[in-house]
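Submitted below is the structure of interest, expressed as structure tokens.
When the chains are written out, they are named A, B, C and D in that same order, and each has its own residue count from 1.
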Amino acid sequence: MSFNTFGRLFRVTTWGESHGPALGATVDGCPPGLPLTEADIQPWLDRRRPGQNRHTTQRREADAVEILSGTHEGRTTGTPIQLAIRNTDQRSKDYGDIATRFRPGHADIAYHLKYGLRDPRGGGRSSARETAARVAAGGVARVALAQLCPALKIVGYMLRMGPHEASRARFDMEEIARNPFWTPDPVAASEWAVHLDAIRKAGNSVGATIELVARGAPPGLGAPIYGKLDADIAAALMSINAVKGVEIGEGMAAAALSGTENADEIEMGPDGPVFASNHAGGILGGISTGQDIVARFAVKPTSSILTPRATIDETGAPVEIVTRGRHDPCVGIRAVPVGEAMLACVLLDHVMMHRAQVGEGPAGRIG
Amino acid sequence: MSFNTFGRLFRVTTWGESHGPALGATVDGCPPGLPLTEADIQPWLDRRRPGQNRHTTQRREADAVEILSGTHEGRTTGTPIQLAIRNTDQRSKDYGDIATRFRPGHADIAYHLKYGLRDPRGGGRSSARETAARVAAGGVARVALAQLCPALKIVGYMLRMGPHEASRARFDMEEIARNPFWTPDPVAASEWAVHLDAIRKAGNSVGATIELVARGAPPGLGAPIYGKLDADIAAALMSINAVKGVEIGEGMAAAALSGTENADEIEMGPDGPVFASNHAGGILGGISTGQDIVARFAVKPTSSILTPRATIDETGAPVEIVTRGRHDPCVGIRAVPVGEAMLACVLLDHVMMHRAQVGEGPAGRIG
Amino acid sequence: MSFNTFGRLFRVTTWGESHGPALGATVDGCPPGLPLTEADIQPWLDRRRPGQNRHTTQRREADAVEILSGTHEGRTTGTPIQLAIRNTDQRSKDYGDIATRFRPGHADIAYHLKYGLRDPRGGGRSSARETAARVAAGGVARVALAQLCPALKIVGYMLRMGPHEASRARFDMEEIARNPFWTPDPVAASEWAVHLDAIRKAGNSVGATIELVARGAPPGLGAPIYGKLDADIAAALMSINAVKGVEIGEGMAAAALSGTENADEIEMGPDGPVFASNHAGGILGGISTGQDIVARFAVKPTSSILTPRATIDETGAPVEIVTRGRHDPCVGIRAVPVGEAMLACVLLDHVMMHRAQVGEGPAGRIG
Amino acid sequence: MSFNTFGRLFRVTTWGESHGPALGATVDGCPPGLPLTEADIQPWLDRRRPGQNRHTTQRREADAVEILSGTHEGRTTGTPIQLAIRNTDQRSKDYGDIATRFRPGHADIAYHLKYGLRDPRGGGRSSARETAARVAAGGVARVALAQLCPALKIVGYMLRMGPHEASRARFDMEEIARNPFWTPDPVAASEWAVHLDAIRKAGNSVGATIELVARGAPPGLGAPIYGKLDADIAAALMSINAVKGVEIGEGMAAAALSGTENADEIEMGPDGPVFASNHAGGILGGISTGQDIVARFAVKPTSSILTPRATIDETGAPVEIVTRGRHDPCVGIRAVPVGEAMLACVLLDHVMMHRAQVGEGPAGRIG
């Protein structure tokens, strides 16, 4: 089956191929009465847009979003919001070889085996271009969250590029917007620029780790057992192209800890419980505690590279493939706004689910 | 909202609390005509059952499953299968303190904040005991998979306990059943026994990493974009108690690789494509390729420990908590059969989804 | 596929066969903190219980509900509520013929064709006994509605039995509880008693129409376009065994009206809009208006009758069938509490969906 | 909540308002490899298109469908199919009064109460124009059904207009395409033309009944208990604008029958069971039997009429309303292709669900 819908109450259905006439997102379940125009969404798309510097694909897409339904006089009506983005830069000639040869590490071969056919132009549905629709939907989610959880602030940044990791000791959140890698470590930004230039010149690509933090999320978000907040975040992030791992709080490193090291001790603060540490990443038992929600995900290196690779074609014959065209040498860079958008959608969905079952605000108090 | 149902077509709804009269799973959507009795399910529950050696909780539960519906004369009828497990060992007196004090690292405080009340006996719904229902449901999934994918074999094992990692150089899959840690590395098993004895005596606990491998899965399983096989596996594993990270193939380490290192080159084998490596963990673009599907997850250390921890109670007063009772010092051990069960459920679900959309077998051929 | 779950947020999964060990309902998504014990549910089951008078099946079932999970100290915890009912009166010998011969008008043949096998004892899953689980779930829904919509009152009654229709001119709602047919028309009750005695003695059965009214439902319930309140009510009622038609307000008779006859004129009352009539049955555009919600459904006559009928057996041979055993001559009688239960579940589901998207109460005001 | 998605595996999400820039349907889950271009869909839209004769609204819409995604070189790829229809005839000035005054019988007041605002232009989301998207999606479903169930034939026709009912004695299925009312009774067609002229001149409107027949549907479609084929058909038809009643087979009239009258006796035919009658409408226990599937629905008279009606405005003041503009005097006419489209979508969905659980074809055989 094909399941292009994400979310339980705030539901996003993305559609469209890289080189088709358009792609977009149908956003259903949005609260009514919210101020919403294209201007609320476009800035997020602009952050993800390719071709803004030498470190991302040189494909030039305006990525201009158009709201086709669901608003009236600049306010959401509670009906489905259709967000459409026209594809304008479609140099299909760039993609000759890949129509019949399978790129190692790419979805090509899997789509072929599953469906018996695929849209090879630009990766079709499996193109990173699909994430533009997610970012647009995330823009709507942010507008709703601004009203329902005004204290909430979602921020994403790159932690690692290939062998080079950013240092938390150097973090300055103001830096994120100042470098092309969305990293709070200015030293890492410089190192990565050099590294990525080399990678690009070598016709290679590189992976990345992105961290997301949601500050100010109310406690009580989450739905045991199979709608846990962390399980939904994991699905949301793992659904992004090229993602191979997802972590909450300590993540995989939690396996190495002892119970005394891992458990975050609790004390009473002026507005509720305060935790001595945040190994949990803000989520216990699948439910938010009011601490920062911290998630990370790893993006593998782009599989479309200029270095020749051994593969087969649709007849099974051994061939070599070189993927020309305009590909991101580090697709993780543009995954930062995508991860933020997915987290925004998950959080809004859980705010609405909580409101459905429990009402406004958490039901329990301490003190 | 509460979402206790997992799966799209093969749907498992678990219910029940640690110290209530019973817990279980309602399994809906199972194919009809399959041979199924309690004897097909009980062995999997026995693997997870506590108290089988000194390394797991000494709580004694028979974990005897009873099929209350959905079969007739030993065959599934296609209607919902109710799998019930009576709780027999309920020493509620063991849980005095935790009724009003919040264990650091435990779901207690989150349930309290969300719902305003909780069943404190044995952790209530957030108890690891809930996973017995998952294992029972997984037993049903395995019966269906044996018929629909006879070549499929799912195996799980422990890779790491705290600071000690197993060595792949020493892996012998026959070893898994011979040691209490389900590890294919016999040397690690010996080391972990010593380590865990020390941890237990210190009133502490420890985390673990578990790896799951599905060999013989057909290509074509998976459902872009939000029903990707890896996204569903991620959600399934992250929904297990105490899991903080999920990886597919290279997982988080993919971030450190270059494109030439990461992409698995393809050649033609006698029965279809063969890959030179498996960094992808058997999944490309969210769809299985026919390679081994490889997933890992990290389990944090048990939060219920004998070492005193600083916390607050329901009035907000600072208190100390010591969790007596019979807790697993390494809950990751019993997570092995739970992870296998979740993977079985996800794979069956996707086999059925594929059959719905595309029919029997993958649609595309190579060669 | 098998879909034994009903509802979007307040989700009810029923399970169990007529003559298996037990049947029940897993109720997920219930608001927390509600007072709930078996005593809140049993009275609704008692209304549906067979064998209370000569007009229903003489099968004797205690239909005693047991809450196996989801409550603590008499309050809902927000986790799944397992409602189990043991089957106690299983005279399987009564069902000899029907194991291999198909009853005309019964689900037997359809289950056989679909699944290749079925549980023939007492109709298995397609038995009217399955509706006990619905009534139990409806009991939970009523407890939640009592808190969320205290003004809401749901009542069901029989309007027609075979050729005999009740007269609205004689309606007295106090009468409903006083006769075995749940009808507000005492004259009809007398006529139907005579008619049903004759039907039963003739080894025949008869159909019925049931009307449901929900008074005091808030305006704004409903979810265009495919989650309309009336569409969800239609699905809920049509899912009840033996139901062949569903109407809202004027129902099928709306086809015969003109626009001036049908549209309910509006004026302003002290608490909001007031309508001059209720052809709409309280629902416009799939959304409740605050008027009485009025639905009707038709129940076909029981197909298990003593009169011999021509049919075939599993080999295709022509045979005659006479269904002995203890069947309801008018299954519509016991459908009254079932219809009420389904309406309660649908309304609660929509109250929660509205709260999720819009918040507490309707968003719009008039005047 | 807003639920604009219909279907379980073949999922249709409609979006768009009557007078917005466009409307459409996102069709997810379609089998891959099907031949599909706009030419496969447009003919169904043309049947529903307004302004083709004097009996429907004179609004002139081309209703030209554009496929924006999900196909490649004229074949479905298994990914979401975006069907967009631009709105071209938007005389918003026609709708002055209704922006603040509530039309009796119309969704206006319900949307206002629920959401606090609405798009008043042309009825916004509650316009009959939304059904164009359903018809487009139904066109895709028909292409899939042509491959998966080549023997299946779906036909719809009008049975009643206001007081005038067609006579089955005069039915000639060839007539359906020859008159503007899609009725197989040529005499009724003449009578209705006269009646509707009078209604239109009187500034009034009239209701209608539509019957749908699916011939050649395989046995075994349907999913007990809450995914019964008839329950899904009921929801699908009741979700269409202005529908107030739904019937399967005998429908509401089943209430008046006895068991001997209602049950369809069975004999063995050359290709399987044959039934002596079809009171069941082809569905028993929620599962198709192989007989014709017969459903009916009633459409209320259009609420937008020229005859003045008493109502209130948004301030609660009593006012009169006259709805000018170009409205269908009998919206039931154009509901014929809409009903067919919904039935096609439901049947395809169940064909896919059956294949998922049971495999190709029904599992059981007789004889």
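To be clear about the criterion, a residue touches a chain if its C-beta (ideal position, glycine included) is under 8 Å from a C-beta of that chain, and two chains touch if they have at least 3 such contacts.
As the structure is a prediction and not an experimental result, all values here were calculated from the model.
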Chain located farthest away, centre of subunit D as origin (C-alpha): B
Interface with more contacting C-beta pairs, comparing A-D to A-B: A-B
Distance from the mean Cα position of subunit D to that of subunit B, given in whole angstrom: 45
Chain centre separation in whole Å, for subunit B relative to subunit A (CA means): 26
Subunit A and subunit D, separation of their C-alpha mean positions in angstrom: 38
Set of subunit A residues in contact with two or more other chains: 1-5, 9, 14, 29-30, 32-33, 78-79, 114-117, 125, 224, 352-353, 356-358, 363
Subunit D-facing residues of subunit A, complex: 1-5, 9, 11, 13-17, 20-24, 26, 28-30, 32-33, 66, 68-70, 72, 75, 77-82, 84, 114-121, 124-125, 352
Complex contact set, residues of subunit C against subunit D: 1-6, 8-9, 14, 102-117, 125-126, 130, 160-163, 199, 204-209, 219-228, 230-239, 241, 244-268, 273, 276, 279-281, 283-290, 296, 298-303, 305, 307, 309-312, 314-318, 332, 353-354, 356-358, 362-367
Complex contacts: residues of subunit C adjacent to subunit A: 9, 29-33, 78-79, 224, 352-353, 355-360, 363
